[in-house]
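In the two complexes that follow, subunit A is the common piece, with subunit B as its partner first and subunit C second.
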Partner chain A sequence: MIALELALKLAANKNRIAGVDFMQHDPRALSRRRLLASVAAVPILAASADGRTISGELPWSPFAGEPPRPVNPLGWYFFTPGEAATVEAIVDRFIPGDHLSPGGKDSGCAVFIDRQLAGSFGQSSRLYTKGPFMPGLPTQGYQGDLTPAGRYRLGLWALNDYTNTTYKKDFRALGIDQQDAVLGGLDGGKIKLKLKPGFSTKEFFELMLQNTMEGFFADPLYGGNKNMASWKMIGFPGARYDYRDHIDKHNQPYPKGPVSIYGQV
Partner chain B sequence: MKKIILAAALAALSSPALAASTDAGKYQVVLGDCEGCHGKNLAGGVVLTTPFGKMVTPNITPDKDTGIGNYSAEDFRQAMKAGLAPGGKLLYPAMPYPSYARMSDGDVAALWGYLKTVKPVKNQVNVNQLRFPFNLRFAMRGWNMLFFAPAPYANNPAKSAAWNRGAYLVSGAGHCGACHTPKNAFGADKATALTGAALQGWFAPDLTSDAGAGLGSWSQADIVEYLQTGRNNRSMASGPMAEAVENSTSKMTDADLKAIAVYLKDLPASRGNGGGATGIEAQMKSGAVLYDISCAACHDRNGKGSLIFPPLAGNPTVRQVRADSIVRMVLAGGKGAATAKAPTGPGMPSFAWRLSDNQVADILTYVRNNWGNRAPAVSPETVGRIRSSLHGS
Partner chain C sequence: MLPRKDAVIIGLGWTGAILAQQLTEAGLNVVAIERGPYRDTSTDFNVAYMQDELRYAVRKDLFLQPNVEAMTMRNTAAQTAMPMRDYGSFLPGHGVGGAGVHWNGHTWRFWDSDFSIRTHLTQRYGAKKIAGLQLQDWGVTWNEIEHSFDQFEYLAGISGKAGNLKGQVQAGGNPFESARSREYPNPPMKMSYAPTLFAQTMSGIGYHPFPTPSANLSQSYVNPLGIRMGQCTYCGFCERFACGNYSKASPQTTILPVLMKKPNFEARTECEVLKINLTPDGKHARSVTYLDANGVEYEQPGDIVAICAYGLMNVRMMLLSKIGQQYDPVTGAGTVGRNYCYQTSSAARMFFEGKHFNPFIGAGTLGQSMDDFNGDAFDHSKLDFVGGAGINCVVSNGRPIGNRPTLPGSPRWGAKWKQATVDGYQNSMGFSAQGSSYPVRENYLDLDPSYTDRHGRPLLRVTFDFPENDIAMSHYLSDQMEKMTKPFNAKVATVSRIKKGWDAVPYQSTHNTGGAVMGSDPKNSAVNKYLQSWDVPNVFVVGASAFAHNAGLNPTGTVGALAYWAAEAITTQYIKNPGALVHA
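Presenting the complex of A and B:
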């Protein structure tokens, strides 16, 4: 505990030296001038005395915090009703319901993907997305001009275009075996959808699979993982944060169920 | 050693020799916690929320236009001890002149001597923002007639010098009763001094020797440590008390803190906090689960806390008759005092975003009735009322 107190003090002092404050609303918030001035001061501080007491305390204000906002579970924000039904059919094939857990649809994976596409992920708002668009290595991820929202819109249209050409049906109207065959074809390279150069069918498949897993395992507040079903299935304790009573209990299952960020048990 | 402390206490109680020195006057600022209301530079402008409306504290720097630069020593003494400003203007008892009336003339003179040397600050303050009819100053004449009986502190020869010094500080300059003594409908002290009171959305705890709500289980050393550092093994100051510790009690001399402890430990026990609750099985069960996932990592599964996390078991703040302070801390979070001897000033995060009124009520009912604590249950309605009042302010 003394170590913790020291760490907190250190953190407070470091922030003070750097002129950085935790709170955005703090009137002493970092300015360019202040940063430059304090950076200039650091070498002087470091060079001068052997020991120096820098006093100060952790900034604090009532009701502080920027908790993630739970999504509204009703309706669709990005998908058209047809797209939503297609995605629900796809996530239910990626994660079929069985005795271990509910399926992808009932777990809310399609809702999760819809909310992500309607938000900053869907718009790539944290990424540089202007040209020039050059081919990249697989490890560099998608390099084209489409946002994730654009890739879903195009991909889902192309998927139904393919099934209508081949089976005269939308994907969601296919039997389970046919759906599995189509998804297997997207994954294995047997099916080429009418996408864009730089956006392969395999990439579309992997994008959907990745987002489905994220929805299945993310905190329920994001719309998927309803009732923490996936965490219960794998024994993940969720947002619990104190395991001191169990540190010494080796090779024993953790006895407590999961907790969500919003304290659902 | 004891003799030295006693001698020092006596000397401080009546020492015209010290009165002229500004150091002695500066120490009176500490004892009276002037900064708590008038601000670090004493230029006022701090908003006080009272049941009668808002007041803004005046500028008490020696600025001639906006402060008290035109006061004479006698004007100042009248303001401190009679609640009268020059020109016969009546002060409101938000300025604790009913307490300061107990200060010795020597201490008031020393304080005046220091205030004259403070840097003048130009800060025009519109003090009186009270609601009608409380904004009518002459009404305070009636209030004074009813509730104000100015009397300097009278030494109690049956008690020790330390006890008398403690009583002088607690009832005088320290004005502890301003928060800790219950008030009547007119905002005047009730006879049940220091038994705990609600104000400004907090509940200032019972300071008597009651074993449930008061300081019955605290030693004198516990009280001294709390006032000096803002924490001890039983509790931690937060809210207005954390400010009082930072501005005032942490800067008091060891002898004065010991004297306060001697006096408080001699206060007869109050009537307690109403005792434990019954019929709370469902709340206790739900509270135990919620405590485990939201509180236990810091406050410990057994409510024992640790150095920077206050214990909840046996903590008087938790066991007051009203739960205002702890409801507020769970919702808004809390901030401990940062003092020379305990500089961390630990904070508690806000849980308002994550816990419903029902959940807060369950957790606090559980905390108030577990590990030997006994206190009335907390209802979701109480939590809801406090939540909306905090967001409204």
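Presenting the complex of A and C:
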């Protein structure tokens, strides 16, 4: 019985993930837009061809937009508890808490990365993923067959494998100076993790750094940048969308604080 | 087999919409077949959530997805091309409006010396100067096509200041532009701090800055089709985003409200054209074959077929349909895939103390430019290259995932990174040199032998590297930019220098040109001066694919002009007397 409840809960979580997953849909799948179009009063829908035939009218249907859905910050959708703790430690070294802003963990960067990996970004669902997979030149970009989710799973295992070999501890149990030294080693090429061909240690480091910064600076609705801390830190006003009243005020501070897409001020 | 149409247009972006508008005005029955979805301002470019950097700029929600169509790339023919598994260096558009939805709005006219580049450079410097470059005249002259530029600028409500009205140089405009018949439809945008400082400083050392001609509207405007556009709010979410304010010219804001209501026009969206079907002799297009969203195949016959996709995809469609002969870089024979060009750019960045540049107050084309070192505006006789670059100080955005300049040498993470980020954000400004890209024998497009799309068709293969001529040009421009940074008295100034080895990963420019170039000789051009296929005269191929080279100018103004130019040829010449409009 408990198992069933858990399964239902997980299913509900999965649905929420799907809800966040507006970013990349298979264009051949029946989109919400087309589903709406098929029941709403859309001008002339010819019977001859599916897809959409539009003539004689500027098409419009209500509620056709795809607004983003804020993530639920509770729990982990992709990471295991151990992986989550490792990532929380990493994002706190990339973005340490200080007088300028809270750290990466308190800003929600690990939650952000978790939700991204659980969604279409993590699955490379919009990318070209057909083989053959062969080693490419640096100018040809990533040619591995692992999705971002797969790269994190392998990379986090390999990171702890390295720290256990070297320090007899998981990464998250190291002191912050040791953590910085390990991350610096990944960044600078001095440490090579046990990854796989087509996926280098440097690529793993860059992926984590990029995703951490995305989480820290993106709209808070994605789980990071809690309380718009990063925007307050640098003075980015967020989603304001109209600066006609300040365009002429050269070299003068902008007087208003940030707003988020969902109206947080 | 569906009922015949007078004209079938492949792709409903800028060029498809312009052709559809002009051809339906002439009374033709037109269908446009578009691979992506229908998109419009009120439903898809929502002002309530368009300010989403992660979704639109980083995850590229509005762009063509590589799982729909990717391309392979390599730097030289000796290498094996690999698929660009994600688009990086350039980002093609998708859906109705195409790249016209998410462009910045820089709207330039190529120069008279571009359209006759071979003649011009040979006369000025001798043929030896351009040996090794496949530079060629475009087949159309400035005087012939100027009115087409005017049509596009008035359609789009371009905000700018004329620099040359009918041969008279105008104060405040670009003195190097070719003569225009009238002023821009709207005055320049208001300027924020950085471009104002740039213009003052450059004027102070004798250069000629002017407001960058912009498709972000400086004021509300009603275009010649009666469509009203709004004033730009300098929101800083322009390129990679659609405009929620009706202030950026796009097919949605300038044409579709009129076009979509016409009874003789029909748009089929989420329908992908697979190929154009020719008659057995290969000299006439009968129909196009397309798949609808459910994978059902249809054949749409038409008297005229206009290929109006993104330039690179125009070339692929010709190759998949066997229209024209594949270019061979070894023998130089064949024309489809020839003269593929890109853009050769570098940038300057300066750091100050105690400034408030407010980079978030931006627009795609909010800026000042100067052409003192563009094209052939300066004497090349003592230089070892031809071509040049526009210098642009444009403040498009201060979006923080992608735009966080820090002092050179700053760490990329950790406590010191954070302080450097705070210091850099308000204290940095930059400008860049967008350089020309001239054709050479070894840069070209063809079909990849290994990788295929979701329908099993070969991907386009891009073989490209920066030619020596363009690298020399770009390094010269970097040298000039270093000098230009001096009078700013910045704390630190850096200038980038281009290297051999075009990299497909970091974003550079979605200005891919050529591959189906226009010209007067069917031996070195795929289409004639009216963008009509030499080989299949009822096929017109419209877009930057027709550029015989790329200038140091953004392409859309010239793309729009070519669309009007081709549409005029169809409506005034072709439909009266179908067949080849030029006999070579």
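Rule of thumb we're sticking to: the second predicted complex is superposed on the first by the 198 of 265 C-alpha atoms of A that agree within 3 Å, B and C clash if a C-alpha of one lies under 4 Å from a C-alpha of the other, contacts with A are read in each partner's own complex, and residues count from 1 in each chain.
FYI, a residue touches a chain if its C-beta (ideal position, glycine included) is under 8 Å from a C-beta of that chain, and two chains touch if they have at least 3 such contacts.
Since we're looking at a predicted model, the values are computed, not measured.
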item	value
Which of subunit B and subunit C A:G108 touches, first, second, both or neither	neither
Which superposed partner A:I95 touches (first subunit B, second subunit C, both, neither)	second
First, second, both or neither for A:A64, with subunit B first and subunit C second	both
Subunit B or subunit C, by number of subunit A residues touched	C
Partner chain(s) touched by A:S230 [first = subunit B, second = subunit C, both, neither]	second
Partner chain in contact with A:G122 - subunit B first, subunit C second, else both or neither	neither
Contacts of A:V265 with subunit B and subunit C, given as first, second, both or neither	first
Doubly contacted residues of subunit A, that is, touched by subunit B and again by subunit C	55, 57-58, 60, 64-65, 67, 240-242, 261
Residues on subunit A engaged by subunit C in the complex (per definition of touch)	22-24, 26-28, 30-31, 33-34, 46, 48-61, 64-68, 93-96, 98, 100-101, 121, 124-130, 132, 134, 136-143, 180, 183, 187, 209, 212-214, 217-219, 222, 230-231, 233-244, 246-248, 250-254, 261
Touch list for subunit B against partner subunit A, complex	289-290, 293-294, 296-297, 301, 306-308, 331-333, 335, 338, 343-347, 349-350, 352-355, 359, 390
Residue ranges of subunit A in contact with subunit B within the complex	1-2, 4-5, 8-9, 55, 57-58, 60, 62-65, 67, 240-242, 245, 259, 261-263, 265
Sites on subunit C touched by subunit A in the complex	2, 36-38, 40, 42-44, 46-55, 58-61, 65-68, 70, 73-75, 79-86, 88, 190-193, 196, 231, 233-237, 244-245, 256-257, 260-263, 265-271, 292-296, 298, 355-358, 360-361, 398-401, 404, 412-415, 418-419, 421-422, 425-426, 450-452, 501-505
